[in-house]
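Labels run A, B, C, D, E and F following the written order; every chain starts at residue 1.
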Amino acid sequence: MVREDGRADDELRPITFTRGFQTHPAGSVLVEFGGTKVLCAASVTRGVPRWRKGSGLGWLTAEYAMLPSATHERSDRESVKGRVGGRTHEISRLIGRSLRACVDLSALGENTIAVDCDVLQADGGTRTAAITGAYVALADAVTYLRRAGALSDPQPLSCQIAAVSVGVVGGRVRLDLPYEEDSRAEVDMNIVATDVGTLVEVQGTAEGATYSRSTLDAMLDSALAGIKTLTDLQRVALAQPYPKDLEAKL
Amino acid sequence: MVREDGRADDELRPITFTRGFQTHPAGSVLVEFGGTKVLCAASVTRGVPRWRKGSGLGWLTAEYAMLPSATHERSDRESVKGRVGGRTHEISRLIGRSLRACVDLSALGENTIAVDCDVLQADGGTRTAAITGAYVALADAVTYLRRAGALSDPQPLSCQIAAVSVGVVGGRVRLDLPYEEDSRAEVDMNIVATDVGTLVEVQGTAEGATYSRSTLDAMLDSALAGIKTLTDLQRVALAQPYPKDLEAKL
Amino acid sequence: MVREDGRADDELRPITFTRGFQTHPAGSVLVEFGGTKVLCAASVTRGVPRWRKGSGLGWLTAEYAMLPSATHERSDRESVKGRVGGRTHEISRLIGRSLRACVDLSALGENTIAVDCDVLQADGGTRTAAITGAYVALADAVTYLRRAGALSDPQPLSCQIAAVSVGVVGGRVRLDLPYEEDSRAEVDMNIVATDVGTLVEVQGTAEGATYSRSTLDAMLDSALAGIKTLTDLQRVALAQPYPKDLEAKL
Amino acid sequence: MVREDGRADDELRPITFTRGFQTHPAGSVLVEFGGTKVLCAASVTRGVPRWRKGSGLGWLTAEYAMLPSATHERSDRESVKGRVGGRTHEISRLIGRSLRACVDLSALGENTIAVDCDVLQADGGTRTAAITGAYVALADAVTYLRRAGALSDPQPLSCQIAAVSVGVVGGRVRLDLPYEEDSRAEVDMNIVATDVGTLVEVQGTAEGATYSRSTLDAMLDSALAGIKTLTDLQRVALAQPYPKDLEAKL
Amino acid sequence: MVREDGRADDELRPITFTRGFQTHPAGSVLVEFGGTKVLCAASVTRGVPRWRKGSGLGWLTAEYAMLPSATHERSDRESVKGRVGGRTHEISRLIGRSLRACVDLSALGENTIAVDCDVLQADGGTRTAAITGAYVALADAVTYLRRAGALSDPQPLSCQIAAVSVGVVGGRVRLDLPYEEDSRAEVDMNIVATDVGTLVEVQGTAEGATYSRSTLDAMLDSALAGIKTLTDLQRVALAQPYPKDLEAKL
Amino acid sequence: MVREDGRADDELRPITFTRGFQTHPAGSVLVEFGGTKVLCAASVTRGVPRWRKGSGLGWLTAEYAMLPSATHERSDRESVKGRVGGRTHEISRLIGRSLRACVDLSALGENTIAVDCDVLQADGGTRTAAITGAYVALADAVTYLRRAGALSDPQPLSCQIAAVSVGVVGGRVRLDLPYEEDSRAEVDMNIVATDVGTLVEVQGTAEGATYSRSTLDAMLDSALAGIKTLTDLQRVALAQPYPKDLEAKL
């Protein structure tokens, strides 16, 4: 009773992190969850938004977007439409909120980290891949800030953050849904959690149906196990040296 | 150890539904959760969006908005800013998704129900009040359609839908947070569920902290009990006669 | 030869003012001209727009809008369309101009009063109801400012302002047109005037026809009599105590 | 006690109409009221807006705009700002409404006349000059349609339309205010009327003051006398032959 | 083998410059290349954009636009569409870049010259006429600044700038294409150059075909000869006295 | 006298084409000109824009964009700003025009090829890399259409298209400028040409200076030699098999 791609119900797709994918941002990671590929960049700039000036606190924002060519059928470009769609806004806000849960903003000083998650190829789970990859880019940006002497506390990250999707497909709880499963799931859930198993964000949506409390519990079990694996893989990726020369940008 | 407004931790604020608040929409309900007041209107129009034409299915959309004067400090008007904010988009999508979970769209024929939730006064929990009130307005719009002979199935609503917020404030799990509690909550959760206790949507967000699985369970227990009460109150409100004359709009 | 709703040609619809309708704004009035219901809020904020800074003068702005559910057929939401329509702009400007005619802006200090007129239900004459209700909300906001010690002159209001529509329907001059009359009027006029009978704004439009000077005179007579009554009713409403506790917002 | 430019209180500025200013539109008139210069074009296109299709009626729209270089201090370009301002909207609507008062739309067939009034130089009274010039351009467009055999009735214009400003400046009622007077007027009024003295539109605004009924009457007297002269001048201008070859555009 | 309008292949259309066309801008020139008429205004304002403040350098910007009535078929107004089209942007940038090539911005002090090129009538070559006329308006604005004592160097213009179109039509290289030729040209080129024959901008586009190096050379020869004539005509026009009184705007 | 990166003046940077970079578009190529990396996708959709329907002709459009993280300093996202900038528009139009020069649109049938050029990393010459890579993606899309039996003529591409930048830096004509040279070039030129040496587009801009005809000639010589090499490299890349399975999308 295996899945179309041969996985067990509680198995992640092949996961890779390519650090240093781009030259310019302090952190740049191409994350792949199977066919889903998201380019996560963490750019550091001096200063904070106007409403935060003089607070002594740093800031972290996130923007999510999809290349028109990333989807099965080409999608319209939001810059050309002249407005950012509801789904894009919603995911951008989710990524920012999730990452801020692990950062001590007072340790950053009045600097801003802008996280950009641009989906190069979409095959389900783009938001969870984005969060998981963005944590790695963020960790690299923090290394950059530390080496530049810009941190007031050397370790502003209190934990690791990763995310995964889980759903009910054909009555079975399945982890890390590709597009083919996602599009026919009865329930669709995204979980953001830490490496120590605490929760950051839980979003579970029934698609034209409702689900029981016990199904929710089974989905949470599966997701938290998956996130344990993802944070292990993040640690392995980050065990390699910081991929950039320290340029004097700050 | 009571709350500032005298409630127990698991107690809802005073809840009222005023049906027939407006003359024109088929369903119009002013819902109040304490100081939070939301005007929920369900307007019926012939036809469906272009992408749905010829499907034989109806459609339900929702839009959420806040009057500038609804908040403690006046907020800017989104029409004047020229764009709908991310939070507004996100809540509009949530309301639409939640209500569609209880409607058999094939029973509506090719008609559209447009649900408008306009916050007249905000004191925390506007989105959950909006969903809870919108269900009642939707039920009235369905009555309208039924009397107009426009339904292919006389009962397109498979269950009731209600929503409530729950959070952790000062380490305690509390139900139905007013603004004063919401603004200092460590965890903030919105649950949408049915009158039979199944889940439609679960959204739980840590605010600068993370939370354990057992806290999640305690919040779900509290919310589901609250939703049981809300659906009872909806039933009481809907036991009164349909508040409008049937005008021949359809 | 009475009108469809039983009124004489020179008779106003039932008029009510509900002060203190909302908690947050310094002045908040629900005004009703028959089936037309407009929520008028006057919010006070410190400071003035950039171009006015350092002048020692206050400022008053107004914004008018209509809930999508306020009209007989649901209308599109301007925030979603991404632009404010011409009619909305025009009425917002009219309300602001009319109210500024009675305020001594130098007495306000560098504070801004933002007046929001949101139509909850439309049945003709929404702009004139808005102006008439907004004056009452403005008077409450001035009371608020006076008690907060923020005025340099205790009475910045030099007169009362009210407005009414008048038109020619079926050849007869009629006061305060409901939608049913407004939509078939040959001439449509809106008059803004003071409690002492002087004029603030006169706007008279022929709809596909033209009108004589003597018709204009008859319409002015009728409107000024109506405005006399409206300012009397404003005075009665304002004779009640200020409906709010003074919170230290300023 | 003459005015700064030497005129009597009830005297118009020098008025000129240059027909055929542009090659492409069916009617194109440069109108000058002293230093105010407005290019009025009436373009004819087959068909009507979607909401009017199949009605057998024609349509007339108008758009007003100001070149950035037309004003004393350069003003921002509305296309670059990305939105049309409230004043622009208001005047565009006024021009369209005023011209529609003299056109029998059923005589036009399902054709649209688009009137563009672009202010090349502003010195007060741009909207009244625009209406007065636009009537002449409209008359030329009607001639064009008549010669093209596109009219169902050979004379769709029931009267002439002209407009003038009048105001109270330094306590005196003055006709056709230039910028220098307009900017310090206590009351500012725009009147649109016909060649037979009936009214189309009356808009009178007090600027920080109010005005009496008798002042209104004096302003109306002055304006109607001015409009009589303007319609005489329109007739003189239109007595010249139609300035274009009839190209087969329709 | 002459052209439809009787010109030789290397002959310009009749060229006129009307200086002082408008009263308000420091430089205002109506330029005509045959039926193409562009109103070029150079407005002077104190100060520079924010990103340039404190640099001691002036700035020059340009905006190009077309009246809706300028084209054969009426075109939509960009302010109403709410966005500036790609072609408009491109030409605005070209005009600004071309004029900045002849201005020593350090000689202007921290003042801005805003150049507006508004096409009153379009018959091919609007961008080249705009550049050629804008230079003359710019020269007048510089005279204005010099007389106002606002220049740190009395001659900030290092050369004259003019532009012309050239193309291949029916296999023949032709100068200064009117619309009728432009619309069927195989190659379309715009050249901006100085009075001493050096190049500022070369833009050559094949329309559905490609062209050889030798054709490019022939087009450059023709264009540079045309620009020589245009700069001679500019000099003649500028030999007349500055058409304005010096008002104390600066 | 070599360049900072060790190249001779007339030497291209290392050029690579990675075909099949993405799964979904019919053609997807990552092109690299040294540190400049552009993802070029050619997506095929049935049908053509409305204005082209029934013509029997296909269509090709192009959109260019830059990831915020692609530049040395993070740039703002155009979708968030709500408008596409002038430079972006200009380059999108250039790419579309350049590619259409080699496509026989009648051979495509009523199908549209949408070319997206998204810059993943910017180091000068992004538009020329985009055109050069887009040709390869286009060739793959044409192969896709041919195999799908959708072409009326098996070879709709009449030639190859490539582009390169050339400039004058420190008085020397240099080919294929990286950012470091581009930012200090006196003249900046982009040439689009074919594999047989004919020109498609020539755009040469002086930056604050002007340039002589002989400099133009030297730049053209260098660019055409570079384009010869680029089209050879395209041919080598396209000699590999088509990288995709033919899915039945059409």
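Please note the rule applied: contacts are C-beta pairs under 8 Å (C-beta built on N, C-alpha and C of every residue); 3 or more make two chains touch, one makes a residue touch a chain.
Chains and their UniProt names: A, B, C, D, E, F = Ribonuclease PH.
Quick caveat, the model's predicted, so the values are computed rather than measured.
Path length between subunit A (Ribonuclease PH) and subunit E (Ribonuclease PH) in the touching-chain graph (shortest route): 2.
Equivalent interface to D-E within the set C-D, A-F or A-B: A-F (over half of contact pairs identical by residue number).
Centre-to-centre, using mean CA coordinates, subunit E (Ribonuclease PH) is 29 Å away from subunit F (Ribonuclease PH).
Averaged C-alpha coordinates give centres for subunit B (Ribonuclease PH) and subunit C (Ribonuclease PH) that are 32 Å from one another.
Separation between the centroids of subunit B (Ribonuclease PH) and subunit E (Ribonuclease PH), computed from CA atoms only, is 59 Å.
Annotation for subunit E (Ribonuclease PH): residues 82-83 touch two or more other chains.
Taken together, the subunit C (Ribonuclease PH) residues at the contact with subunit B (Ribonuclease PH) in this complex read 22-25, 28, 35, 39, 41, 43, 45, 63, 65, 67-74, 77-84, 88, 114, 116, 118, 120-121, 123. Contacts from subunit D (Ribonuclease PH) toward subunit C (Ribonuclease PH) in the complex involve residues 83-87, 89-90, 92-93, 97, 100-101, 159, 189, 193-194, 197-206, 208-213, 216, 220, 224.
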